[in-house]
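One structure is given below, represented as structure tokens, and several questions about it will come after.
Note that the chains take the letters A, B and C in the order they are written out, and that residue 1 is the start of every chain.
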Amino acid sequence: MSIIYVLDLVGTFAFAVSGALVASKKQFDLFGVIIIAFVTAVGGGMLRDILIDAHPINWIGDLNYIWTILIAVVFTFLFKSKIEPLRKTFFLFDTIGIGVFTLLGLQKGLNFNLHPFVALIMGMISAVFGGVIRDVLTRKVPLIFKKEIYASACLAGGVVYLLLNYLAIQEDIQFIISAAVIVLIRTVSVKFKLELPKVEDDLFSKKELQ
Amino acid sequence: MSIIYVLDLVGTFAFAVSGALVASKKQFDLFGVIIIAFVTAVGGGMLRDILIDAHPINWIGDLNYIWTILIAVVFTFLFKSKIEPLRKTFFLFDTIGIGVFTLLGLQKGLNFNLHPFVALIMGMISAVFGGVIRDVLTRKVPLIFKKEIYASACLAGGVVYLLLNYLAIQEDIQFIISAAVIVLIRTVSVKFKLELPKVEDDLFSKKELQ
Amino acid sequence: MSIIYVLDLVGTFAFAVSGALVASKKQFDLFGVIIIAFVTAVGGGMLRDILIDAHPINWIGDLNYIWTILIAVVFTFLFKSKIEPLRKTFFLFDTIGIGVFTLLGLQKGLNFNLHPFVALIMGMISAVFGGVIRDVLTRKVPLIFKKEIYASACLAGGVVYLLLNYLAIQEDIQFIISAAVIVLIRTVSVKFKLELPKVEDDLFSKKELQ
């Protein structure tokens, strides 16, 4: 579990840096940057814990999240111009974060005796809604609603986890395989610019009659 | 109670379709459409349950809400171009939804021993705040803050319910009369484009001195 | 404690008036104005109580908050054109509100056995996030993320309170000194237009090489 905890903090760090970058681009002051880094990094897990009544919620129960976020903001402050060249490294950390957040959220849901489908949703919320809250506070249309295979990667990895769990595969193996699925789908979809279909027209709309 | 449960799901369906339509107009992808349909349909009840500490919250405690929403999204996907001609039918379903959501929320508040006035607010939140969350996530100024008698219809119907409840009228009758009040006020106000007053000028402002 | 309770309601009144003014400028109707006044005044404490699982939450447990907000909306409706000349008085009430909200939130956090640092954050959330929710619902970038020493004043006063608390100074004195620190920092920063630094460039960015 220890390695997963480290990866959880690595993901928190990557999410916080991404939040801090968005906020500093929007000319937020130091306080605003900290808040946006904070909600990006722990907002998803916080929402999950409020929804399933898991108190103390994530960052109240474990102060390491706050310290990680503050370090990430200082890091962004010091090395902002150096982060762009490291884009690929950060994408990797970010993607690992998504995978770990999804699976830890899903596991927490199962531990709270939720229906597996609701637990799956909780995993997705953990990974995705920090970014949604960030986008709402910085007045952007949440990116994940429009583009990129992101939440879908979380859901796919979560389904794999539930299947392996059902088959009673060893727990570490479950986690590694499912996380790999999420990282893989996310990476491939960004590389090839894959997107989900949009509901612009229905099956019987005028276009196909032309 | 069974017929009310069916009407609750009918309202959920109508709210989910309305959310899906807004999201697809905004070019959201399938995932985004599902999320917006979801928050529109169960966001109000979810907020109510979090505020009054009613766990498991609505859609976690009863999976039928999720299934109804997913069916509504598929329905929107398949028949989008057919929904516009059915506008009046959908307005009816939507308005029934508002009435049922308000009264079920109010009843839940009373069952949690809230002050009747707070229970009334909980009824209004159940009916109205799903739409508010939808508007925040799709970057629109919440419509209900600007136009239309909407929340006011919920509050009026809720007050009628509390009165009938105080008079110890039979429970089914209470529900039917109060729901009818909500549907009626809402329908009349849309038909005649009634609006609430705005606070643009006060009683002693310059205008009246001219 | 009674005087602090009165100041709490004075702060609630001032926050509600400020929310009502923003909403009426945005052409919201009466219902919208009430909702925005409401979230501005009790939104921060409400968020705090949800995060730390303190039920009943602030305005559900004490109806005086709701009455105060409704009176504030009626007051704004009646005397809107008279409020601008009283700007300085309102700034004072607002600033007292910030101080009292911060310290009451912090105390509540300590009573819930939170880590002092988390309790400090709860104090800040109590004072600041009502305004953030107002800005999100009225589609403004939250002001406190961009300008003015606001949240920082809360945090500074909170730290003073924790220090005095650690030194076991008499409770009333703790409260008065810390509140004075918040009011002072806020007033001075507005008077001299002080702002927090922004993260526009890092220590090693190109600018300093030129």
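Here, contacts are C-beta pairs under 8 Å (C-beta built on N, C-alpha and C of every residue); 3 or more make two chains touch, one makes a residue touch a chain.
The shown structure was predicted, so the numbers you read here are calculated from the model rather than taken from an experiment.
At the interface between subunit A and subunit B, two copies of one sequence, fewer than half of the residue numbers in use are shared by both copies. Superposing the C-alpha atoms of subunit B onto subunit C requires a rotation of 120 degrees, rounded to the nearest 5. Centre-to-centre separation between subunit A and subunit B, using Cα means, comes to 30 Å.
In subunit B, the positions touching at least two other chains are 50, 53, 136, 139.
For subunit B in complex with subunit A, the touching residues are 20, 23-24, 26-33, 35-36, 46, 50, 53, 55-57, 60, 63, 66, 76-82, 136-139. Across the complex, subunit C meets subunit A through its residues 50-53, 114-115, 117-118, 132, 136, 139, 141-142, 144-147, 150-152, 195-206.
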